[in-house]
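Paired with chain B in one complex and with chain C in the other, chain A is shared by the two complexes that follow.
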Partner chain A sequence: MTAVASPTAGSAGRPRAGSLRFPFAWLGTVPFLGYVSLFLLLPTAIVVAGAFAGARGPSLANISALTQPYIVDSFVHSVVLSAASAAIGAVVGAILAYVLATGNREGAVRRVVTAACGVLSQFGGVTLAFAFIATIGGAGFVTLWLQQHGINIYANGVWLYQLSGLILVYTYFEIPLMVIVFLPALDGIRPQWREATANLGGSSWHYWRHVAGPLLFPSFLGCLLLLFANAFSAYATAAALINQGGIIVPLQISNALSSEVGLAQADVASALALAMVLIVVVVTVLYSTLQRRTARWLP
Partner chain B sequence: MAAFAVITACGSASAAGNSGGVDAATATSASAFGGMSGLIAAAKKEGQLNVIALPPDWANYGSIISGFTAKYGIKVNSANPNGSSQDEVNAVRAQSGTSRAPDVLDIGMAVALANTSLFAPYEVSEWNDVPASQKAANGLWYQDYGGYMSIGYDSSKFTITSVQDLLKPQFKGAVALNGDPTKANAALNGVMMASLANGGSLDNIAAGVAFFHKLNQLGNFVPIQATTATVKNGTTPVVFDWDYLSAAHGKDVPSWKVFVPPDAVLGGYYAQAISKTAPDPAAARLWEEYLYSTVGQNLWLQGGARPVEMAAMTTAGTLNQTYAAALPPVGGTPVFMSPTQATAAATYLNSNWAQAIGS
Partner chain C sequence: MLVVLGVFFLLPIAAMIEFATRGVGIDAPRTLTSFTSILSSPDLTGAIVASLELAAITSVAMLAILLPTMIWTRIRVPRMVRVIEVLCLAPLTIPAIVLVVGLAPLYQWININISDSILTLAFAYVILVLPYAYRALDAGLSGVDIRTLSEAARSLGAGWATVMWRVIVPNMSSAVLNACLLSVAVVLGEFTIANLLNFENLQVAIALIGRANAGVSIAVAVASLMFVFVLLLALSFIARGGARRRGAHGVVA
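Right, the complex of A and B next:
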């Protein structure tokens, strides 16, 4: 803890006369550090310890269990699902946010839409899964109504309960989340910049390519990462919709923790969680590298 | 860190359970309390009982819990009603020493046999009415109720006379299991039943996995967990499940029928056990006495489950005939998986199930 605190002390210690401020500045970070160690560092340490725990001392058995084909498949599914739902959510959400940002900022439409997005971005889990089952599930009322009109959306099987179905359901909370997190960035774009571009003889393409695009891109990437992580860690929605075969990693973790047919292996669950942490770390590093490149010319 | 200390501190006090010089936590029968009245008094003094993973619509547990509270005035705290047997054992380990830890467990046999070190031995008054093959001789666990694997279905949409019927095109997107067979005992038995009906044996679940693979290819299998809600709204009109659980859907879907295939009569029993670290040891023992009394056994029967003392009660004439007559008819010879067979089936499923029903 003392090692972490030293940079804070350095920045706070600039006025040398005010040496009394030092303990208070340090104290200010205690709640944050306490929170981070209790809810981030400690769980991570437990996961790491579990991942390398064997019946007799440390072991790599849990890590090598990750190479089983069905577990590799679940990682592929998880990454595809998170990337696809994040990409769809980011693009559609950004367009929706742009429409809102260019409209009346105090208008009723914007207030209603942002309020609705706030609610819908957190509308996941069993409720969301069942909402989809009841509307476009095999016996959903929309499915039945369409069938009466000669359209069978499930002619080639019930895709709602497959990976493609999960992507659809996840975009339901990814799009509103994108609207909420991306709107502040769009609000920071001033209309004067567009006018300035026009005054200098720039076209709409020039404005997006050289002004708004580069300004928004780092923020867009950050939102994309948030959406990816959001989808990557989601559990309850998938559990309610696709109960079979542990199609994504969080479901495999659940199986490893609570199988009642003798397959429970808590340490393999830790290894799965550790691999998820590593994937998020890789994605985050990619993001920060990309962001540093794209944001180089910004102040 | 301080938070942890607080949590453990508030739980430690109530575990003593000493009343009238009897250590309830080590009592192996009601006589240790000087008979039932002593046990009842000790349990009332504790005033509460922690149960876990008992859905109210599972084998009539809703009525059983309210009946226990009405009879003895002991509050029942029901945790995680939809949890699995493994969740129960995990809770015993994780919450040991707190006042919220589970007192009693209702678990599948695989989990029971793997965790006997967590149980306290106890013999209910009706111990001799439980067949010897269905209890541990040392009293660590005792089977409680069971039934047969069945196919429940909405008879207004389908008729089913064999497991193979489900391969017909009218069952598109209709057939579901109660859980993932690598996780849930009921689902594993569902796949085993399909195996028995398709040339497999208790030692070979592969035929069942192949059957579900075919169902999935035909688009007849829905990978969603069958629940009261999915049955009610028609998403899962055909469900592999224990007959006593399936029968409960008749309340929501009046045309619901339960079919036990005569060529695959697969039975299964759950077991009771008292946690060694039960915070309410006397109430835990009274709960077991209640479950194995004629009242408790008939309440399970009312829920469509076959209580373990059924044979003894039939002889004694204490079995409720109305409830017994309502059980689904079973023809053919029942078979039961041994723990070794169940483990072998689970191991096979672990490496083959995801692929078989993968899209």
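Right, the complex of A and C next:
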């Protein structure tokens, strides 16, 4: 009994009559490719071109404009903000994910918390900013309640609208994001490994130091990077909280875009955007590399 | 641990509801005037209507562009499947704030030559929702044996339009609905592109009014949050319902 290879294994179209088949099939992808080229690739090209544009042809003027102190400051602030909120989000999120992973996998708690994390990680932007203003803003619920008990959290100035406030607000969507991306890795840890460690005389410390730790570390680091990229690119929340000034890079970009000074600012915006996308791309590539390393052991 | 985090996460939402229902004066009773005054503000209602229209247009446009392409490439041009996937997931790496820098000159051209209505934002929004919609549709498509179905339909004389519209799509209806609801959620929550292109959509309106009248803007924020939450909840029920239906009846043809 021989198996006959199907002549139409490659497609469900007409049988291969001539060599004219392929061009028509590829035409079907033209609308999509055309649309994406126009509204995704073209703007990206505009950003890259704008970053190197000068009054008389290509120049590095915009790139060197990035070395001005206030722009360097904004990059530093962005990195600090993203790193801090990513670190806090990663640690707290990992602990929360651990609590969920060691519990009942089909249980109600896990399902509710996972669903809530799904909603909260997308809950960013303007709504989140206003939620925090309503909570610990000048006339916020918690602020007033603390004042009634004699505690004034703004004794040294209103920190909600500065970097430290931003860090707090950012952790609100970073923690759920960490839970969502880190939980699969924790689920991949098999109980047999723990039992094997105990069998060989190891304690909890040995388990974490030599077995689970090294296995989870690439994934943890990768998720941390993802959180960093997420915080670095966030704009809406900061824009809603901070009315003027540009303490972080996205705010600098929006200042450069919507200032009335003139075209020169638009090119600086492109240079800023290029720098930002380079950082995000590098971080994302590192993230996928680390995820692939994790996938070797943990499905 | 869970309790502490639960408090941390629910507190701002509760605070928003508390703020939106405050009356005038220290001991005034709770009131819904913030919510009712939404309707009497033309800027706000205009922005809400515009955002809802944008959400609808974006969902339809996304389906029109993405769905036939995905089905077509899986059947006829398998090599492009990977390319399409990379292109669809690219917007995740290019933040909206970067994209809008490149979109600004493009939209200047569009506003002069085509239209300066806020609905032109749909062009950009389709790109923004591509990653989420792609994942949803991909999950649906991988559950359907497209090759067999399309071969069977074609051998019975169906044209490609019939194959896509009457054979394949009914088998992934929950994925299609999934993609639409995700698109609506993304569009309703979008702020960056609308703000920097000087359009006034829902989130921009909330931010603008918030500077003047915090109560009303927080009321709108609460309302939109509830709306999106209900949408996503409906999504999870539909997803479960679709799977059950398919399990009971097999392939819908």
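Basically, the second predicted complex is superposed on the first by the 230 of 299 C-alpha atoms of A that agree within 3 Å, B and C clash if a C-alpha of one lies under 4 Å from a C-alpha of the other, contacts with A are read in each partner's own complex, and residues count from 1 in each chain.
Keep in mind that, in the parts below, contacts are C-beta pairs under 8 Å (C-beta built on N, C-alpha and C of every residue); 3 or more make two chains touch, one makes a residue touch a chain.
Values in this document were obtained by computation on a predicted structure and should not be read as measured data.
In the superposed model, A:Tyr70 makes contact with chain B only, not with chain C.
Number of chain A residues touched is higher for C, counting chain B against chain C. In the superposed model, A:Ser85 makes contact with neither chain B nor chain C. Of the two partner chains placed around the shared chain by superposition, chain B and chain C are both touched by A:Ala134.
Of the two partner chains placed by the overlay, only chain C lies in contact with A:Gly118; chain B stays clear of it. Applying the stated contact rule after C-alpha superposition, one finds that A:Asn62 touches neither chain B nor chain C. Contacts of A:Ile46 after superposition on the shared chain: chain C is touched, whereas chain B is not. When both complexes are overlaid on chain A, the residue A:Ser270 reaches chain C alone and has no touch with chain B.
Once chain A of one complex is fitted onto chain A of the other, the partner contacts of A:Thr284 are limited to chain C, with no touch recorded for chain B.
In the superposed model, A:Leu163 lies in contact with chain B only, and not with chain C. Looking at chain A, you'll find residues 130, 133-134, 139-140, 240, 243, 254, 257-258 touch chain B in one structure and chain C in the other.
The touching residues of chain A, counted against chain B in their complex, run 38, 68-70, 73-74, 130, 133-134, 137-140, 154, 156-158, 161-163, 240-247, 254-255, 257-264.
By the touch criterion given at the top, residues 1-2, 5, 8-9, 11-16, 18-20, 65-66, 68-69, 72-73, 75-78, 80, 84, 87, 90-106, 123-124, 126-127, 130, 147, 150-151, 154, 185, 189, 191-192, 195-196, 198, 203, 206-207, 210-211, 214, 217-218, 221, 224-225, 228-229, 232, 236 of chain C touch chain A in their complex. Contacts from chain B toward chain A in the complex involve residues 1, 3, 83-87, 90, 107-108, 110-111, 114, 172-174, 177, 179-185, 188, 219, 222-225, 229-230, 233-235, 237, 342-343, 345-347, 349-351, 353-355, 357-359.
Against chain C, the residues of chain A that register as touching in their complex are 8, 10-13, 25-26, 28-29, 31-33, 35-36, 39-40, 42-47, 50, 92, 95-96, 99, 109, 113, 115-116, 118-120, 122-128, 130-135, 139-142, 172, 175-176, 232-233, 235-236, 239-240, 243, 250, 253-254, 257-258, 266, 269-270, 272-274, 276-277, 280-281, 284.
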